[in-house]
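For reference, chains read A, B, C and D in written order, and residue numbers begin at 1 within each chain.
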Amino acid sequence: MKAAVAGASGYAGGELLRLLQAHPAIEIGALTAGSSAGGTLGEHQPHLPALAGRVLLDTTPEVLAGHDIVFLALPHGHSAAVAARLAELGEDPLIVDCGADFRLEDPAAWAGFYGGEHAGTWPYGLPELPGQREVLRGTRRIAVPGCYPTAATLAMFPAFAAGLAEPDVVVVAASGTSGAGRSPKPHLLGSEVMGSVGTYGVGGVHRHIPEMEQNLAKVAGAPVRVSFTPLLAPMSRGILATCTAPATPGLTAAALREAYAAALKDEPFLRLLPEGTWPATAMTLGANTAALQVTLDERAGRVVAVIAIDNLTKGTAGGAIQSANLALGLAEELGLPHNGVAP
Amino acid sequence: MKAAVAGASGYAGGELLRLLQAHPAIEIGALTAGSSAGGTLGEHQPHLPALAGRVLLDTTPEVLAGHDIVFLALPHGHSAAVAARLAELGEDPLIVDCGADFRLEDPAAWAGFYGGEHAGTWPYGLPELPGQREVLRGTRRIAVPGCYPTAATLAMFPAFAAGLAEPDVVVVAASGTSGAGRSPKPHLLGSEVMGSVGTYGVGGVHRHIPEMEQNLAKVAGAPVRVSFTPLLAPMSRGILATCTAPATPGLTAAALREAYAAALKDEPFLRLLPEGTWPATAMTLGANTAALQVTLDERAGRVVAVIAIDNLTKGTAGGAIQSANLALGLAEELGLPHNGVAP
Amino acid sequence: MKAAVAGASGYAGGELLRLLQAHPAIEIGALTAGSSAGGTLGEHQPHLPALAGRVLLDTTPEVLAGHDIVFLALPHGHSAAVAARLAELGEDPLIVDCGADFRLEDPAAWAGFYGGEHAGTWPYGLPELPGQREVLRGTRRIAVPGCYPTAATLAMFPAFAAGLAEPDVVVVAASGTSGAGRSPKPHLLGSEVMGSVGTYGVGGVHRHIPEMEQNLAKVAGAPVRVSFTPLLAPMSRGILATCTAPATPGLTAAALREAYAAALKDEPFLRLLPEGTWPATAMTLGANTAALQVTLDERAGRVVAVIAIDNLTKGTAGGAIQSANLALGLAEELGLPHNGVAP
Amino acid sequence: MKAAVAGASGYAGGELLRLLQAHPAIEIGALTAGSSAGGTLGEHQPHLPALAGRVLLDTTPEVLAGHDIVFLALPHGHSAAVAARLAELGEDPLIVDCGADFRLEDPAAWAGFYGGEHAGTWPYGLPELPGQREVLRGTRRIAVPGCYPTAATLAMFPAFAAGLAEPDVVVVAASGTSGAGRSPKPHLLGSEVMGSVGTYGVGGVHRHIPEMEQNLAKVAGAPVRVSFTPLLAPMSRGILATCTAPATPGLTAAALREAYAAALKDEPFLRLLPEGTWPATAMTLGANTAALQVTLDERAGRVVAVIAIDNLTKGTAGGAIQSANLALGLAEELGLPHNGVAP
């Protein structure tokens, strides 16, 4: 099977290519870019030597045609048009959208957080969400989750699936700077971010909030409210999310751990750490895995779950390929690394 | 006035010396250490050239005698004995304890979180806590607050003083590694912490929790519950604390901001950032200041306050000197930097 | 005395302001900027709270008029015009140019490395260069050295002054990213620089080469050839330069050390570390000092000198103020920090 | 084939295991450790989930017996005894020593730099060294090169093989902290290394010098002198080495580039970057590749070659497996990653 990657010069595109090169069932086809079109991939992704000479093409439907899979790693707002034009050309590849366009089900949430017209909803590419594997098997469209919602959902779904937490979640998540993309902005300069932790988008305004609420509400079977604060940490990759909600009355530490152990035991990429061990992003660097730990804070009456993922791997490109594997009828783990690169 | 510094080879001791050298009313006297005694300060604090040749003495009452001020930057559990032996020698210097021994008022809290016998309670060195300046003026004993409690208390006291938040606080705070001290442990190696954010002491077990609760309860006039999660971030200095609590019914964004503006307007070291600007630890690196921002998350119904401090300056050594200034009848800001070192 | 700072929104400008605020004989006057004019300083230098409300003015001669000192932290090529227009207005302030325009004496070197017309030569602001203090006392113009030339010259001048090294120097210097300025470029993004050391401008093309050669040739009394390789290191501040040249025949380790000790013993900001201790940039962070060490590699027959400075302090803004102090008849050390901020 | 890894709890051991898990022809057998024996691998290498439950055994010949390959990642001085005791047991596995014991050919060099008795010399595991592949094919013993010598040798061998440089080399190489190992020492604490570049072992004393000289002398057919300065950079992984030597008379830039292009063109893991592109360690993070660039500094009359490798991959564990592949008659590239993990 042949895959095109649109947006190959960005961070998500680069990670897709790194992983696809190691994928035994997928061959890399056309690479496209926006303003970088015309140059070679080597100018933008010098860590991928075998593809260094590949020329970046324009992101047109004609270039993307003729592939079995099209990965879109584009700025928000472009995916719907690309998909429509591919359909006009009579093409029906598996389209995997790493952008936000098709993640939300509620047009009002889209309007409130993104503005403009809602493009629609595609099957949500988080296989670990209860029932979601069935949705993804054989689909021709995938909306890849946001990196923060991937982390927060995976950290809290076992609690909500088992009815162990009240629907009033606080998420504080530290992310590496690659989550903010490759377009050069003053506050993302190395001089600014090294040696400093900062925050942004505080107070109910971050676009990943409705996505977290949508996921957890499905699991809980009732609305869930999320207060979310993102931190920018001095590292290139990784998300460490602390997620906490009031424990339901009578919850015991043993019951909480049991629920998490049960929910995660057959998940190939989710890993409940041994008791007493807490996640760090280095455990998952470059891997498609998530490292989790959960505890009951009996003094404060809260469930506290902490999760580490690599925002570019499990949080974007790896998650995209995991869902694509399901869509294509391949083994879910095919071509995806379990080991982190540490130290 | 002459000050001795016990524990001069550690990070808190080094920061005390850096600040004291710039203090116009304090002269640096004896420097003492534990296992490093006998060596020179230059071996441990090569960033302080003028003191490089100073020999580190043993931490004995005789060595600490004859000073107007004694700063103790010792491991927990040693301060009471040092103070007692100084008294036996007929000495009554201002003793400023950077350790935890005398911070807590409740012996049960001490027993639960630290174990062993409670040494007692000294005036708490956080001048910004309402009413605390009066307590500190002229005192001969100061218990310097912990770094995390400094951050969390300063972030939330305006909300509790004005009755704008429910007493159920979630604090997630990222700290630089210097907060963990200088004793070499595998998880503090550069190879482990660079490129990674991790967590530890999750779920109601961190020793700084009762201190946060004690402070906020005083301001609120009622018990306050704190859920606290510390993060270890890949930087040497700085704490960025996100603090959130349910808003009291009817709270408006304007009323919240007004309360913070009013509480902070005469504080020499606390700074409410302009609306839309969020704290980063780089703003306060090496400074005795705190940078704050607050917002009302109307969707989630929560007050969210974020604060940045330097854990070694405002969070330890700077805060210690600020309180000492009050105790000694000096201007509170004397010798303390307001500017951060950035980028 | 009142000082204007042109280029106040950049990194050099910010460091000038941080230091000037602590300077007892200089008051801060007008702040100017290029594209940031009209905004406040707080938007760009949030670590300087007392100046946060200051409005950035346009960089015009009228705005810069009426000051005793004008610090220029502008992109190369603008200083000559500013100086000329100030003279037309009848102004004769001390002008301290942090840019490259007036550093080189040889118009051919200027043409070869910078291109365009050579603006001229101003007294070179490196007081430690033998004989240079006399040149700087009372001058009305100062060309502040480049950061790398400051490091390389201070590391090697004692060897050349004493005739202990052959004039064939290799300099490899790692710099923090602030040396590359604040204008956002893709290769300076935090995501790119964290976790990575890279190089650039290799092979005799870096603009700081003729400046190093000019300085060392003066000391040696004969031409000196410099091979220079700059490294970009994952830190915001600091330069660590390794400088090596063949030892002259018969040189002994003791004679080499003696020469350095003698050359540095009265220098207020240069510090020869104890034998066996090697420089690290953290020793000088935020300080106007340089930490040096030198050794004789007897196997390879080479002098090896290593120096650490803060590129923004001793390497730019601190060095500028040090020379300005001399020009203004003030004590050379006035207002300049000797202590680094560590860890 | 089954491989044992002795020293599995350290950084080299962890990297061996990460790579061996992806190796299609090698199965992981016994894991051994020193003071960590008795614990599980997961306590030390939490980034390797599939091996987390493996118990670390004592490093005894009995435990290492019964394997086709034994990787030794031990402190220096232990390998000879382990090999001898395996022979006494009648075992003759391929032994791959990641330590220094068998790298040097000259007992006097061993005595001078390491002290004690010279254990002997094993085939040197750097396949790219001219003629070395033939030596490694079918061997039962491999001495894995040091990380710095790997970098310096690969950067300079094309110049010496073609007679383009004088035998007087200056190497300045910045390394990530993992090169210093996992044993906790104060100067390796995150608080010390973050935000700082330092140096150590300057002036002809670093143990990797005789190894560099041995390699380059073989290629040059005559003695080569190396001045080496190692830098400690604030990153976990990676070496960026700048290597320079006087150019032989008449050398042109074109001839230099041609020689490098010719020497590297069939090398599967060495990559000469396009002209104008310079190496950064991020290009090779986690990969077994080296990124090189070379130029002629005509002003200074020097060849300047710069190379980036991952010290743990190509510099240790990846290089070890590459040589083992040759020894075992497998394809040289088998199981070894070419892509870096970036950003």
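Keep in mind that, in the parts below, contacts are C-beta pairs under 8 Å (C-beta built on N, C-alpha and C of every residue); 3 or more make two chains touch, one makes a residue touch a chain.
Which protein is which chain? UniProt says A, B, C, D = N-acetyl-gamma-glutamyl-phosphate reductase.
Note that this is a predicted model, so its numbers are computed, not measured.
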Reference chain B; chain at largest CA-centroid distance: D
Distance between the centres, which are taken as Cα means, of chain C and chain B, whole angstrom: 35
Distance from the mean Cα position of chain D to that of chain B, given in whole angstrom: 45
Per-residue overlap in chain D, given as positions that touch at least 2 other chains: 11, 178, 189, 191-192, 194-195, 234-237, 280, 282, 285, 342-343
Graph class of chain-chain contacts, one of line, ring, star, complete, other: complete
Of chain D, residues touching chain A in the complex: 11, 14, 18, 21-22, 42, 45-50, 178, 194-195, 236-237, 271, 273-274, 277, 280, 282-287, 289, 291, 338-343
Chain B to chain A touching residues, read off their complex: 168, 170, 172, 174, 189, 191-192, 194-200, 202-204, 209, 225-227, 229, 231-238, 240, 242, 244, 278-282, 285, 293, 295-302, 304, 306, 308, 342-343
Residues of chain C that touch chain A when the two form their complex: 11, 176-178, 180, 182, 184-186, 188-195, 234-236
